[in-house]
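There are structures below to look over.
After this come two complexes, each holding chain A, first together with chain B and then together with chain C.
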Partner chain A sequence: MSDPVGIIGVGQTPYRKRNSDKSAGELARTAILEALSDAGLEPDAIGAVIGGVAPDALSGIGDIDKAAIAMPGKPYIHVNTGGATGSSALLAAKTWIDAGRADVVLVVALERMGQAATAQSIFNTIFDPIYEKDFVLTTITMAALRATMLMNRDGFTGEHWAGIASRNFTQATRNPLVIGAKARSVADVLASPVLAWPIHLYEACPISEGACAVVVARGDIARSRNTAWIHGTGGFSDTYSMGDRMHRAEGSLIEMVPLRRAAQVAYRQAGVTDPLSQLDLLELQAPFAIIEAMAYPALGLCDIDANRSFVDKVIAADAPIAINPSGGAQAANPVSATALVRIAEAALQVRGNAGDRQVSDARLALATGQGGATQFSTVCILGSDVP
Partner chain B sequence: MNPDDLLILPGNWNFDYQYFAGETASRFFAELRDHQQILGRRCPSCERLLIPARSYCDACYVETGEWEQVGLSGTIEAFAIIQTQFPGLPEPPLAIGFVTLDGADSAILNFIRGIDLSDVDAAGERLFNEKRVSVEFSDNPQGRITDFHFVLD
Partner chain C sequence: MPARAATSACIEGYASSVGEADARRSLPELIFGVVSEALRAAGCTMNDVDGVVIAAHDLIDGRSLSSMITGPAAGAYLRDEIRVSDDGLVAVSLAAARIQAGEASKVVVAAWGRVSEGDVERSSRVAFDPVTEQPLGLSDRAVSALRASAYLRLHDCPARDRAATERRRRAEASTQRPLRAAPCEAVFPLRPDESGLPSDAVAAVVLGIEGPHVITGIGHGTDPARIGDRRIAQFDGARRAIADAFAAAGRTPAELTVAELGGATLFDEAMLLEAAGLAAPGTGLDCYADNAWINHAGGAAAGDCYPCRGLLRMVDALRHLDAQTSRRPAIALVAGGSAVADQTAAAVIIEAR
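After this line comes the complex of A and B, so read on.
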């Protein structure tokens, strides 16, 4: 058994449409200094830096991490798995430490999409130009396509998507980092314009930029601090094209096969056999309600046949687990950083540092990461106790 | 600093590219353009017939086999109806769908045309209930994926 590893420091900038008072490097540095201060460490203590930035075109600066994240004198690795970038970077940091290459690794994920005049035409460029890009594929239509598939299979309605969205946006009002958070009712969501049916404007994650940094450490450095211990991690990939994932033995596009696999691996490491009773909270990287709904069976919280009734319970605040106390990715989705934000929020919870959004007695938390058209999935389980 | 004094510089990215489709996709498009046929290749390992044609099955990571033709009708697996204009993207309303053509084991994306999209909720309900579509070819094929679209049966 390798030395236990945990998160000893967390730093986050506010997440808002534009942080025009800071350059990219200044934005990242704000989060980094806060994370180091939280960890009680100086920059000298960092053994390596792992940086996450997803599509460069969102910032309009190629390889923006060279300017904004990499630090002179430190080993540096850049990670990009789309929306899962931040959590993939965290998994890389743990691996770097487990391999004995450093005792302390700084993970930084930066989103600078406030610089883009329009995001959806940039997101269109991540799709296959030979077979698919012509058909208006974007993050929104990608969500809409899977929403209709899920509605067809499980009988979900627009009210379900609005119910999940209303819950997340309302919870975000307790999170001071989500600038401009507004409570939204089911009726508000359904009355908002349709972007791509069945997705409404007030169901779509807003444009958010910001930076998130966490300090990961092992051994005595971690034991001597208030640490969110890493109990289990898993990360898997899937086929790029959504159409190639329709008819497969291992599961279709809406079964989130990589998330299921990641959860199984992480649960095994963490000794989780009954996630619904053992976990205290979830932070889901679900920028749209349908991604959240699909995640429940993949995480083993319900059977696929019971997916809709589980969502009904979540909407009725009847599920025996706290879900997205931060408001989740639906309320603020700084693309490159969002999966690390989920981990940072889970860490704050199990360290008892989550302020107004603190879940009482939170001791074991699960955070997901999702990238591409659910092509990349990660699971990270954090706990208050040393594993 | 006063927010009005913050420097914000304009910029834009505008590059030209040429995308190399490879031999398998090139033949797929040639068949589409010259013979109004849709062909795929079957994975010898998982035995799925992949449409659109792939030179390899990325799940099994093996080269796909012989070319096989599929039917020109199929079933909608997933759809979306675009209602909002996004800068730089096609003008709405537009319906798109992943369709499994008869005989195929994967789904191909294209526009679904000929549906009244003026009432988007009604159009959505209709696409849940009427899942069968057929391929309609363009009169002016360019050897592109847009050489055809789907229409409801």
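After this line comes the complex of A and C, so read on.
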């Protein structure tokens, strides 16, 4: 069995719409220095750096990570899996350590999307230039199609999406890193403009900039610190074609098949057989309320046919698990970094360092990563105890 | 820490394609064809594969998240997939790490770049600092020219013409070379026959735990980001990567029978030879001209497109290893650089069993 690996340091900038007074390098540096300080390490201790920036066009500068994150003399890899970039980078760091390439790896994810003229015009270039682009497909319209599919299948209503969003916004007010966090009621959410029916403005993630860094280590370095141990990880990808995901045997578009498979792999590694009772909290990379609702059955928290009643419990604060104590991606969604933020927040929780948003006695946490229209999914389970 | 673990990754199959524009075939079709060929060469199907590691670049592919559409064509459907926005050799390194870590026993590595659709030169320009570098018109091609200029200032280079002629001869002999493509526009002091041949390129390898070629060493290196902060004619990042790969493999440059250096131009390739310890400073062009086992297929002159370059050179090296009949142990070095203008580099030592 390989030496256990864990997160020994976390650093984050505040997340806000735009950082006009800071360069990409300054944002990354802030997060990196905080993570190293938290880990009690100097830069010389780092064996490799794994950076995450995606999509390449969003910041207006190509390969922006190379100047902002890469360190001369250190092996460097630039990971890009869309919204899952941060968690994919973390998984790559664990791979690097398990392979014996290094004892300490720095993972840094950076987002500068506030520099883009319009983020959605860039996301529109995802789609086929002949068959799809003219429908003005974006990340918002893709989520809307899933929402209507769920409403049609299970009887969800707009109040469900608004209820999830309201809870996330309220919880974000306890997270000082979410700049401008404001509690919003269900009525507030439903009164906000419709972006693409049925999705309202306040059911969608905001534009967010910022950087997140974590220090991953093994061996005595990890054992001698307050470490969030990695108990299980999984990563799966899917086809991007929504039509191909409608009626297939493996599961339909709303079943989040890659997330389900990633969770199954991670649960197996972590010895989790009943996630609802064994996990203390979830940090879900769900940039839309609808995506969060889809994640519950995929993570095995409920049966897919019982999802609506589970969502009712979540909205009524009656679910036996803490969900997005940080406010989640709906409160701040720095695309490249957001999946690493979820892992960083889970690490803070199981290390007991989450401040006002700390979940009492949190010992086992699950963080997800989602990219490319729920095409790329990752799961990372972190615990207080050595696995 | 040089990379050699208890479980070494092997290369079980490989394939590549370099060609000119072909509007009849989409990029996913090109990728699917090459990955399928590599799988056939490995004697397996995607059902045997645990994961996929991709090297591709959004701006070159013209999509804001390239692997959404291209990943499944490389086999990334309902299995583990990760993409790097780096050169293909970085993807090889990460895939080999997955095998060394015991996470996977078979991994597909695929890289591509299609110059007939993506403007590689323009994509490289936007990677430079918008305040201090972009106004100078810097691009990867311009930096290669600056490197050549610095090299020519330091060295006499009497073998320049001979090396260019030999490189062209090797490229023209390569069966993989696209026939109608034209060399890219040369930037002074580079000449057209010292440049690369921009192509629509796809390469793939299947890594596993068995196979005729073993990856015995991997190294990485990183230069400062700003061009002015680098020793422009030294390739320090590549030097470090290659030294670490040799150290991990327990090999020396003198033991090599194949060397494939992934430079964009003849001068870049020659400077990488010096960084590898295969030639003394100022003699890289002589070494290139005199040794047919170095970039035996003509390097970038036989077809080139970032970020596929390193993986193309690796497939060239594997073809060369398979063709060698000498009793001497067949050992190959492959090196390649990533954005921005080879700021980061990776090197791999491959040995025939």
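Criterion: the second predicted complex is superposed on the first by the 387 of 387 C-alpha atoms of A that agree within 3 Å, B and C clash if a C-alpha of one lies under 4 Å from a C-alpha of the other, contacts with A are read in each partner's own complex, and residues count from 1 in each chain.
The rule we apply is simple: a contact is a pair of C-beta atoms (placed from the backbone, for glycine too) under 8 Å apart; a residue touches a chain by one contact, two chains touch by 3 or more.
Bear in mind the structure is a predicted one, so any value in this text is a computation, not a measurement.
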In the superposed arrangement, does A:Pro387 touch chain B (first), chain C (second), both or neither?
neither
Can A:Gly352 be said to touch chain B (first), chain C (second), both, or neither?
neither
Is the number of chain A residues in contact higher for chain B or for chain C?
C
Output check: A:Tyr240 vs chain B and chain C. Expected answer is one of first, second, both, neither. What do you get?
both
First (chain B), second (chain C), both or neither: which does A:Asn80 touch?
second
Scan A:Glu132 for contacts with chain B and chain C and give back first, second, both or neither.
first
Looking at the overlay, does A:Gly300 come into contact with chain B only (first), chain C only (second), both, or neither?
neither
One more residue to check, A:Ala57. First (chain B), second (chain C), both or neither?
both
Contact-wise, after the overlay, does A:Trp197 reach chain B, chain C, both or neither (first, second, both, neither)?
first
Overlap of the chain B and chain C footprints on chain A, listed as residue numbers
57, 60, 124, 239-240
Sort out for me which residues of chain A touch chain B in the complex.
20-21, 57, 60, 115, 117-118, 120-121, 124, 129-132, 134-138, 141, 144-149, 151-152, 193-199, 201, 239-249, 253
Please give the residue numbers of chain C that touch chain A in the complex, ascending.
1, 3-6, 52, 57-59, 62-65, 67-69, 71-72, 76-86, 90, 93-94, 96-98, 100-103, 123-124, 126-127, 129-130, 220-226, 237, 240, 338-340, 343-344
Chain A residues touching chain C in their complex are 2, 47-48, 53-58, 60-64, 66-67, 70-82, 88, 91-92, 95-96, 98-103, 122-126, 128, 234-240, 250, 257-258, 261, 371-373, 375-376
The answer for chain B against chain A in the complex is residues 1, 3, 6, 8, 11-13, 17, 19, 21, 25, 46, 48, 50, 52, 54, 58-59, 77-84, 86-90, 94, 96-98, 100, 105-111, 120-121, 123-124, 127-128, 144-146
